[in-house]
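Heads up, there are several structures right after this.
Paired with chain B in one complex and with chain C in the other, chain A is shared by the two complexes that follow.
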Partner chain A sequence: MLNYAWFIFLTPIIFAPISVIAGKKRKILAGVLASLSITVSLILSVIVWLSIRGTSTPIYQTFNWFDNINAGIYVDHLAVVMVLMVSFVSLMIHLFAMYYMKDDPRKNTYFGETALFTGGMLGLILASNLLEFFLFWELVGLCSYLLVGFWFFKPNAASAAKKAFIVTRVGDLLFIIGLAVLYSLLTVHNVASPLSIPYLINNAPAIASEIGAQNLTIIGLLFLGGAAGKSAQFPLHVWIPDAMEGPTTVSALIHAATMVTAGIYLIARVLPLYANATPLAGEAVLYIGAFTALFAGTIGIVVNDLKRILAYSTISQIGYMMAALGMVTTFGESVIGYSIYHLVVHAVFKALLFMTAGVILLTLMELRDVKKMGGLWKRMPITISLMFIGSITLAAIPPTAAFFSKDTIIDVAYNYFIMNGSNIYSILPWVFLVVGALMTALYTFRMFFLVALGKPRSKLAEEAKDPPKIVLIPLMILAFMSLTLGLIQYRFYDFIVPNTTRVVVPMIIEYTPLTVVAIGVLITIGIYGTTKWQRMHLEKNPVYRLLKAKYFLDTLFTRVIAERVILPLSSGVSRLEKGFSISIEGAGSGAMGFGGILRKIENGVVEYYFVFLIAGVAILMLLLEILGGI
Partner chain B sequence: MFILYIFILAIIFAIISILMKKGSWEIAMVESLILMVFTSIYGLVRFSTYTGGMISTSSFAIDKSIGITFSTGMDGLSIALLFLTTVIMFAAIYTARNEKFDRRFFGLMMFTEVGLYGLLISRNFLFFYVFWEAIIIPVFLLIAIFGDSRKEKASLKFFVYTQIGSVFLLLSILTLFSYYGPSHNNVFTLNMSALLNPSFITKDITDKVPFWTYFALFGFFFAFLVKMPSFPLHSWLPDAYTSAPYPVTIVLSGAISLMGGYGFFAVLMPIASVIGAGIAWTIIGLGIFSLIYFALTAMFQTNTKKMMSYASAASMGFISISFGDGLLSSGQVSYTAFAGGIYQILAHGLIMGLVFASLYLIKQKAGTDSNLSVSGLWRDMPYISAFFLAGIMASLGLPGLAGFISEASIVLSSYYVLGAIIFLVIFGMIITASYHIWVVQKTLNGPFNENLGKIKDAKASEIALLSFLFIIILLLGVYPNLFFGPILNFVKGVI
Partner chain C sequence: MTFFLYSNILESLYPEIFLGFVAFGMLLMGRRVKNWMVYTTISIMALLISMILLILLDSGSQSFFGGAFVINNFGLYFALILITSSLYVSFTAGSELKHDPEIFFSIFLFVNIAMIIAAFSLNLIFIFIAFEGISVGTYILSAHGKTRRNLEASIKYFFTGVIATGFIVFGSSFYYLSTGTFNLVSVANAADIAKPSMLLALILLFVGFGFKLALVPLQQWAVDTYDGTKNPVSAFLSSGTKVLAFLIILRVFLVGFASMRTDVFYLFTIVSIITMTYGNFAALSENNLKRMLAYSSIAQAGYLILVLTVVSGSTSQFAFTVAIFAAMYYSLVYIFMKGGAFMATGAVNKEKVEINDLSGIGLKSPAFAISLGIMMLALAGIPPTAGFFAKYYLFLSLISGNLWYLAVIGILNSAISVFYYLRVIVVMFRPSSEEREFNLSNSILLPVIIGAVMSIGLSFLIFGYPYLSGIVAGLGVGA
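Entry: the complex of A and B
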């Protein structure tokens, strides 16, 4: 019998086509059905949570999928936290989307796709085998592709969807090479089901001694490649800002709260493999994460598109989670707690921020330039107040939840520095993360002040007003959670990994991030709290131009690699192919005197054909007779 | 025996089709439907408990003294491909509802099906060869009569290429045959299982692999690589695929393309232990080169049909790779590689069926299959667009669909043999993903090209076929054991 936990992810998947079809006639049904199915998932998740809360035995049920690959569900404390978060946030966003998408003629398709996405995401979390995990990994990628391109008639959206798919595909294929290495090496050692997650995480030391820590490091690096593609880490982060062309609820659901954290979940899921690999695997995760946290933050401070600011902040925040996981060799499995706690908090406040952005864009008719907004706090007080809560959470100002989750990660990075030789190399992560916190404060309050304060700088902004209060209820719930989730910090850590190490750092270090944030807030008040920014002309400044050009990485990928390398290669090869084809024909007619003979064959080709066939069979018979008669 | 009755039924059907003057489409459609249903029922009944080896064997001696028998039999490989054949033939005939196609067309289609059926059930090299040849005639005629303006050149090229391949096939069979008798007390046979015996093939006085073995291997490889097609023997493919009318393209890409792969796994896999590492690496090299070369060529095509023809050729590269991997590895890794290769034949055929069937509808409704002159098709034809997108996604190996199971098996098992070379395979897959996604962006997305005028979405009957193909692809992607189990048992029984 199937365990009821299967239906956590099966229900939305089954309801996805139903809501598309049922919603065709009565549009309202689509959103209702999709939300209902996710409510079922949420209820089931809560039941599962209650049932495994007290024990450390996970729910594990599996079947043979094909060959020596099993598929099934594996629900431990980590997974149950993730399903609770995903189904809850997804439900909030679905409820809000019923308002946000109310006028779209294809909203049945929209809700079908988001329900499918939610099912895929829940399946990814519960998967008990890495290949099954990869199936859902790609399914959510497909949904992301479809939903980014949901407004397919917008050329920008179509091209953003293409970019998102291809860039993540690069990461996905690195991931599958990692699976190939793991599979090949373990199968040779006669492991019955080499990609099964419980097997991998329970036998990691044995696996390391069997296939060698070196190989495990290669696997870890390749998995990191996959995670970097999905979770938009440097240098594969380029697709997320473009993906903002999709509906804002999609950005909230997929590109802020859930799918982009799948890479973090992947690494957390197989963390014992990293723990038993050489330290390089963990360090790569740490440095990529810490660097991305800073790197994306610096771009965020010059972007003017409201949604793209949030997109860069997502990249940056995921960098923090990644960095936390990277410290596994020093702190053991405790890092899962640090990372996942920030993941959950981030999902809540980022979903909130995106939905407030959605409300603003709806009333401003998709005008996304923050320089054209302003003065909205007076015109839409409830929405902007909610956005304020989201912003202070993003900037990790106490007492919001992110203050607890993010500053813990920064403090852990300081301890990493102490425990790893206190050299210039090991202090880098901490420096990156602290400067990243400054960047966070800068771009968050720059965005907030430009949106909320001052005078309206466009006609649309002047006429903005709050939507009906009832549609803001999901946002209020998320805002409430942003403020209060900090209360459960240590219980959360211990639920995921029993006896998580408590982080203790010197007082001065503990207050460093907060000081940095305060400085950041003061700077933004100085510039954007007034009208000073309107008199600043940075267009000539080389640093500004470098940031504005996003460090030329997009240019490198599209203008250089795609257009200067792949495209000419393709053109050259297809020209070669054409020439090859023509020369074959030429050689053929030359060798056979095609002019005459071929035309003859052409005229009576079937007769000739039978001559060939019969001659062949005749020779065979003849040989049979001759040889048989010997 | 039951399978033999279906085969005889297929012959009767083909004759009926060519004789009946009216209602050719309806007749052929029902006939191919019956064949598909019967074959599927047979497969479900007999292969649910399949544990390897040959089942449903039957044998009619034609000349006992020299060992010619019409012997038939089924195994995990042939049931998978037989299912593919009947589904693809049904789909091709179903889409061919067009006044242009008369009874000649449907008769030839049914004869193609007979040929494929015969090839897949034959266990005697004489009949293997006869059916191998017999498939060429109807397909050649279908292209030559019903093709587009370049049909003469295309059909001739197809004919000459496959004919040269067949000559080599014949020579190889003759070689095996003529060396078998003298070393077996002058008992002559054309039985495939007797001739494809590694201990016979390597048997020599000096205990070395004799020269004629290499000759025979070369002939087999040449014949199968032409049919596959693999670089550099592929020149017939783009011409034949694009020149043929769409239903014939479906047959070419879905069913005819299985012949090369079938040859690999039915003829060459049993003698895998004879094939040296040099040959195996050559095959892998050709496979990887084909994958990248065809993918890069496809990327630059402005005609979607031609693009997908090259895409079809590129994904055949996986079969070569898997075959070489299987040869160079042992135990479970080689099972996975070989089984993945066989599953790839099945998955590729079905996926190409869906891609070309939906592209045919786009061509009919929008009037062109050039990807530069259509855009924004989602707006007016959401159903066709959805199925075309599904086909494209399946073709680039999206998990949950049939192509993923085979590509995953092949890639997973290939690291053991390929090591870092696996990055070349991945490079090919990235190129594949890029142009697949590009063609979707170009044709389905973007603003609607108003020059196309008013276009209609598919009718319910057309959607039914596309859904049917899609459901099979989805089923084989989610529940692969339906075929993967028998295929794996077959592989384990042979190796």
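Entry: the complex of A and C
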């Protein structure tokens, strides 16, 4: 008997083709069907949540897929939280997308693809086996590719989709190598189902002693590579800003709330492996996360494209989640709670911010340069108020939810410093995260002030106006949640990991992030709250240029690695292949000619046939005589 | 006393007897009723009933006439496949062959009787008689239609077929000379066998039986005959009778010549390599659709007989089981993918169907084009079609039997064959320069769609491996 939890991810997948086909004739139907299927998922998720809320026994149902791979579903508290978050946020975004995409001629395809994506994401969360996990991982990657390139007639969108696909492929390659290593090491030890998630998380110490902590570290680093690709961590973050070429609802759904957090979920899922590996595995996660949090934040300060600012902020915020997970060796499984809490809060407010951005872009005809906006608060008060709520949440100003989630992570980083020898090396994460918080405040309010205050700096901005209130309801729900989610902080932690360690830090440390944020807000008010920024000429400033060029990473990837290394290599290979294909063509025409000669045997004259038959049989007999040796 | 009619022997022959009654009844009806639909319905019903009778009466394990007629699940499996193939063909046969339907269908049923008998026979005389029943029946079937082309095809088939018959008789007598029996199972003691005459028997019987399977150098009739006969007949000749010939070859050369495994191995290694290569290369540049399919069915026969090389050339029990399983699986898939492809050629209203005549059909009838495309993919052995799994098991058995070089040759040949199979798909979806009329009536479309569905659906038969590998022993030969 199939558990109903299966239908959490099966429903949207089943509905995806239906909504494409049904939406062909009646356009409205596509959005309705897709939203309906996700509503079903949400309801089922709530039922699952209610049923396993009180117990610690997960829902676990599998069937034998092939050989020693069992596929199925595994729903524990972590998974159920993720499922609730994904189906809820996805539903909100679908509802909003019915307005946002209302004039698109291919909107049935759009809703089919987003429904498929949601199903894939839910399947990824519920997967009970890492191989199954990987398949869904690829499925969401595919949907991301399709949706980023949804407006494929824009050359930017087409190339952005390609870039997103290729860069994440690097991570996926590392991930599947990690899977292969893990599988082959465990198969040697005759494990019944080597890649099964419950097996991995319940027997992590035994696995570590069997295959060695060193090997586990290698596997962990490879998984981290996969997670960095999907979750856009340094240095594989370069695809997300370009992916903003897709419809804004896609950015909200895939590149802010759900898919990019799949990497975090992967590491959280197999966290016991990191806990039992050598400390290097965890440290790599921590330092990459913390560094990305700061690094992406600094770029976010100088970007002018509204959606790209949000994209860099997404990278930075995921860095926080990653950093929290990295401290597993010191705090044990409690870090899952810290990380996932921020993940959920982030999904809510980032989806909100992206959707407000979507509203703005819709009325500004896809004009994305924040320097050309301005004065929108007066013209679209409801939208900008919602954006304000999103912004203060992003900047972690109390009492918004992110204040609780993010500051906890920063405080944990401080404790990490205390508990790991209080040296220059172990204080780095905390420093990165605190400075990252400053950057967050800077880019958030720079964006907000440029958008909302001052005078309109373009014709389009002058004519901006609010959309009908009814379409903003999903946004209002999200805004409400980003203000109130902070109330459930500790209950959330204990739900995910029972008896999560409470974070206690000295008073001064506790207020450091807040102070830093306040400083950031003051700076931005000074520069961007007034018209001072218009008189600043930063083009000559080397730091500005470094940031503006995104640390020359794109240049490094395209100019140096791609053009200097890969292109010559590939042109060499292509020359080789040209020779090869000429020889293949030669072989082909040779084969055709040979076939033509063979066909001459079939000349339709029966007398010849007899001769051929007898001659053939005679030759066969001779051969047998020689070979068989009677 | 027991009546003969109630004896065990007769009971197990009820399916054949039933079909015989129906066939004679049809001949009598033919004086009054000329409607082809009546005969199609009757023969479909009769075949279905005989199938049920077969399952009910012949599913045990019995042996009659001193081991000449052996009933077991292995034979039953093939008998059912053969009847399935006939059923499949009779869906479209009636509407394609509108005149004298009673003669066509009654002979068709007679052929089926012979096929069922052949599926259970382990005696060269029995096999010879049954085989001749099929041959003579198919000579008439292929002449049906009475155009000059049909007659020419039938005459060529007949002339070469008669020679093959002579070879069977000759070979059987040599077999008797060297072993002292016509029964295939009883030749266990290798020392008693007079070797030189046994080798003659091997070659002569190979010619006789290999003829129906169109192995090189006995292949020439096949292309002309498939091309010249009506589509349902070509479909039947290239699917049903081929599977039967394959079964008989399995029986004769693996059971009857168990004492000469080396010779059997070399014979079939050489023949299968030549056959595969010949068929695939000749098909490459062929523009006539039916001739291309004919060449491809020669190549497919080359793959099929690789089974014999595994069984006779390797000592691994696993390879043996997989090989026989592959034979059983391939035969079943083959009747749908090849039979369906031949019937699909009926969509073009021409006597000589060029591949290019199919251009534009993809836009006219996507269902037809996709179905034929699936069958082409299955023939080429591309996953996830059943054709892929059939080839997979075949090559798996070769590799596990340490005959990897044959597997390499087989796979290279498959790679070549992809070219001409995919060419059909490409042509179908190419817009055509001129306006064409296609015959897309139900009697064409239905078998094609069935063929495509089966070409995909039969891939689930791999889950039948545990059961089917259990009845492999029914062939009567150990590794």
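Definition applied: the second predicted complex is superposed on the first by the 576 of 630 C-alpha atoms of A that agree within 3 Å, B and C clash if a C-alpha of one lies under 4 Å from a C-alpha of the other, contacts with A are read in each partner's own complex, and residues count from 1 in each chain.
Here is the rule we go by: a residue touches a chain if its C-beta (ideal position, glycine included) is under 8 Å from a C-beta of that chain, and two chains touch if they have at least 3 such contacts.
If you're wondering where the values come from, they're calculated on a predicted model, not measured in any experiment.
Look at A:Phe580: by the touch rule set out above, it reaches chain B but stays clear of chain C.
Once the two complexes are laid over each other on the shared chain, residue contacts for A:Thr187 go to chain B alone; chain C is not touched.
When chain A is checked against chain B and against chain C, the one touching more of its residues turns out to be B. Look at A:Val302: by the touch rule set out above, it reaches neither chain B nor chain C. By the document's definition of touching, neither partner reaches A:Met380: not chain B, not chain C.
The residues of chain A shared by its contacts with chain B and with chain C are 588, 598, 601-602, 606, 609, 612-613, 616-617, 619-620, 623-625, 627-628, 630. For chain A in complex with chain C, the residues that touch the partner chain are 588, 591-596, 598-599, 601-602, 604, 606, 608-610, 612-613, 615-617, 619-621, 623-625, 627-630.
Those residues of chain A lying in contact with chain B across their complex are 64-68, 131, 134-139, 142, 145, 149, 152-153, 155, 157-159, 161-162, 165-166, 169-170, 173-174, 176-177, 179-181, 183-185, 187-188, 190, 566-567, 569-571, 573-574, 577, 580-581, 584-585, 588, 598, 601-602, 605-606, 609, 612-613, 616-617, 619-620, 623-625, 627-628, 630. Interface of chain C with chain A (complex): residues 155-156, 159-160, 163, 195-196, 199, 202-203, 206-207, 216-218, 220-221, 223-224, 260, 262-263, 266-267, 270-271, 278, 281-286, 295, 416, 419.
Contact residues on chain B toward chain A in their complex (touch as defined above): 63, 65-68, 126, 129-130, 133-134, 136-137, 140-141, 144, 152-153, 156-157, 159-160, 163, 166-167, 170, 173-174, 177-178, 181-182, 186, 188, 190, 232, 235, 238-239, 293, 296-297, 299-301, 331-333, 335-336, 339, 376, 378-379, 393, 398-400, 404-405, 408-409, 411-416, 422-423, 426, 429-431, 433-434, 437-438, 440-441, 444-448, 480-481, 484-485, 488.
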